[in-house]
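Below, subunit A partners subunit B and then partners subunit C, in two separate complexes.
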Partner chain A sequence: MATVEFAAAIQRHVACPIQQVTAPTVRRALAAALLGRDELRGYILDDQGRLRKHVAIFVDGAMIRDRRNLGDPVADGSEVFVVQALSGG
Partner chain B sequence: MNDAQLLRYSRHILLPQIDIEGQERLLAARALIIGAGGLGSPAALYLAAAGIGTVVLADGDTVDLTNLQRQILHRTDSVGKTKVLSGQNTLATVNPECGVIALHERLSGERLASEVAQADVVLDCCDNFATRHDVNRACVEAHKPLVSGAAIRFDGQVSVFDASRTDSPCYHCLFPEGDDANEERCAITGIFAPITGIVGATQAAEALKLLIGCGESLAGRLLLLDGLAMEWRSIRVRRDPECTVCGSRSDA
Partner chain C sequence: MDKGNAILLATRKGLFEFRRRATADWVAGPIDFIGDPVSMVLRDPRDGTSYAALNLGHFGVKLKRRRAGQAAWKECAVPAFPKMSDAVDAPSVELIWELVAGGADEPGVLWAGTIPGGLFRSGDGGESWTLNQALWDRPERSQWCGGGYDSPGIHSVCVDPRSSRHVTVGVSTGGVWQSFDGGESWALGGGGMNAGYLPASRADDPGMQDVHRLVQCEAAPDILWVQHHCGMYRSTDGAASWQEITMARPSNFGFAVAVHPRDPQTAWFVPAVRDNCRIPVDGRFVVTRTKDGGNSFEVLSEGLPQGPAYDLVYRHGLAIDGSGERLAMGSTTGGFWISENGGNSWQCISVHLPPAYCLQFG
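Showing the complex of A and B:
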């Protein structure tokens, strides 16, 4: 099992507790965590299922390499963390 | 440094990581602050008080009553004045030795490139993604360190994108530019006042460290502040070899 967590700034829009998922890649982990959460899904991914530009994903504290296909591996016990860019100042 | 300066900056000079040499570097340094609002206020106050030689304040806005809840550079009698002139006045009372250049404009294009080229460090304290990407591009081109901060609601982010280092990512490596960015403004969403203070003061600390040359900067790390839980989280950001802004940097 891996966990998928959405940063606090994202959760101010749509609350979503930490999700337990079983998935080999970030893409599959995200799909599992967003299943049935259309509002949150639309915030993270675009219509084509691509990661939105203002969103970044980290696995075990390090930024993923494959933004395009989200093919980075997720291991048993991994922590997937989803962050959005803030722009206020 | 004269005797008055040795006394004024004595609590810095006492620190072995700063000493007279580090303080001299600050006195000779020029910092460009983009935005004289919630983040730029504490950042500018700390940089001026700490003895930075020249602070360039760039902001096209005027002070509004709704700004005063958090923008501590501005006073009630500043409402209606330009933020940069209001800021210049406040900083002059904090430390008259700090030279403040007030630019009442939203820097872009050649003007932005010119100001970035003259600066030793750039602080992005602005409130929109378009400017964030403009400033990032200018810093990558000029190989200048960028201290980036952002805040909304109870949340903050701060990092350093140091284009003078080959291993440091740029802002675009982390958040690519796109037209689907969800732009949230403090005017609509709200902002818990001290969050801008915490993030802006952190930006000032990183800028001073970079100028002095002490400690480890936030280059390669993004700090996230959850102000409701009052928890910081640090995550590692890496350079994107396919980044359209820094990917072709000659020193990559």
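Showing the complex of A and C:
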């Protein structure tokens, strides 16, 4: 099992406790974490289902490389962390 | 019509409300969404429901709704483009740039204009939204351009009081479009505007015009006013043609325009120097008013800062109430003024608010 955690900045808007998922990739892990959470989905993905430009995902402390297809691998015990990228003023 | 005794002020850092007391002073009321950008606000005159569009930088666009008499805002559906393709540039709503109520005879109908240039309709008070595919599919849309933003956007939607199926929209940049069948089909408005910065062969193309703001007179809906990137325009034939207004002083550049709800000859603008110098002329912040259809203008400055002042008023930053006597204005530098006599004089409510995006009497 891997964990998917959403940063506090996201939880300010939508409550989302840490999810336990079984998934080989970030895409599958995220899909599992968002399953049944339509309200949360729009905070992370845009209209076309792409990762929002100003949202970042880390797997075990490393920022993912494949933002388009979210194909970065997720291992058993991995920690997937979804967080806001810095922007604005 | 009733005078507006409350103002909703959507800003970069939250939604502020001000209320008028019997002693004729305006006091701050509740602040909602503090710290979050609120791009648009609507108080639906049909049922008192309020809507606030948030533009959360990281997490996208959200829409909140508060029913009349309730204290809590609740999240409702957001206008969203349908899944179109896997292309990296497939559209996704970046900003709700306009939000208006449908006609009095169609409760629950809302129209939203967005960046990129989508027009969305809700038939159920924001429970769901549908992209107006007919406008989106117009081949001329490929010629629309971003006007200050990366993508074009729809910032003005006017629902004709005589027929709710007659809808007129303003696009930056993409001209004025009209539907007479509730959005089933669309036609480009007529000529008369000129985008002087374009190649001469395209400058007068109605579909290439950078309309900054479009407003319609409630009592005389065939009269429309436009603040354009290159000047001011007025139509007296329901957008079939446009006549340039050349008498405005101290300039003809700006973003906002308001029209009197009963007197189609009377309108207000907030001038800035020009497109590449978006500050008040000579650092004096003024409003201009015409009472004769644009043939002459008065410069209104009583109560407004006469320098140095560098306030700019965005396209939704000038509001007028149902009586036509009260105006409210919010600036990019946090100034907020109200006039209770048609702009003759202004009362400064604050100079320390966040940048103002949209004002509405409620």
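Following the convention adopted for this analysis, the second predicted complex is superposed on the first by the 85 of 89 C-alpha atoms of A that agree within 3 Å, B and C clash if a C-alpha of one lies under 4 Å from a C-alpha of the other, contacts with A are read in each partner's own complex, and residues count from 1 in each chain.
The working rule: a residue touches a chain if its C-beta (ideal position, glycine included) is under 8 Å from a C-beta of that chain, and two chains touch if they have at least 3 such contacts.
Here the structure is a predicted model, which means the values were calculated and not measured.
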Clash or fit (per the criteria above) of subunit B with subunit C on subunit A: clash
First (subunit B), second (subunit C), both or neither touched by A:Ala8: first
First (subunit B), second (subunit C), both or neither touched by A:Asp47: second
Partner chain(s) touched by A:Ala62 [first = subunit B, second = subunit C, both, neither]: first
First (subunit B), second (subunit C), both or neither touched by A:Glu39: second
Partner, of subunit C and subunit B, that touches more residues belonging to subunit A: B
Touched partner set for A:Ala85, first subunit B, second subunit C, both or neither: both
When the two complexes are fitted on chain A, the stretch of subunit B hitting subunit C, from 97-105, 133-141, 187-195 or 223-231: 187-195
Footprint overlap on subunit A, comparing subunit B with subunit C: 9, 43, 46, 52, 54-55, 84-85, 87-88
Subunit A residues within the subunit B interface of the complex: 7-9, 12, 43, 46, 52-56, 58, 61-63, 65, 67, 81, 83-89
Residues on subunit A engaged by subunit C in the complex (per definition of touch): 9-10, 13, 39, 42-44, 46-50, 52, 54-55, 68, 84-85, 87-88
Residue ranges of subunit C touching subunit A (in the complex, touch as defined): 56-60, 62, 75, 78, 80-86, 88, 90-93
Subunit A-facing residues of subunit B, complex: 35, 37-40, 124-129, 132, 149-157, 174-178, 180-186, 189, 191, 196, 222, 224, 226, 228-229, 233-238, 240
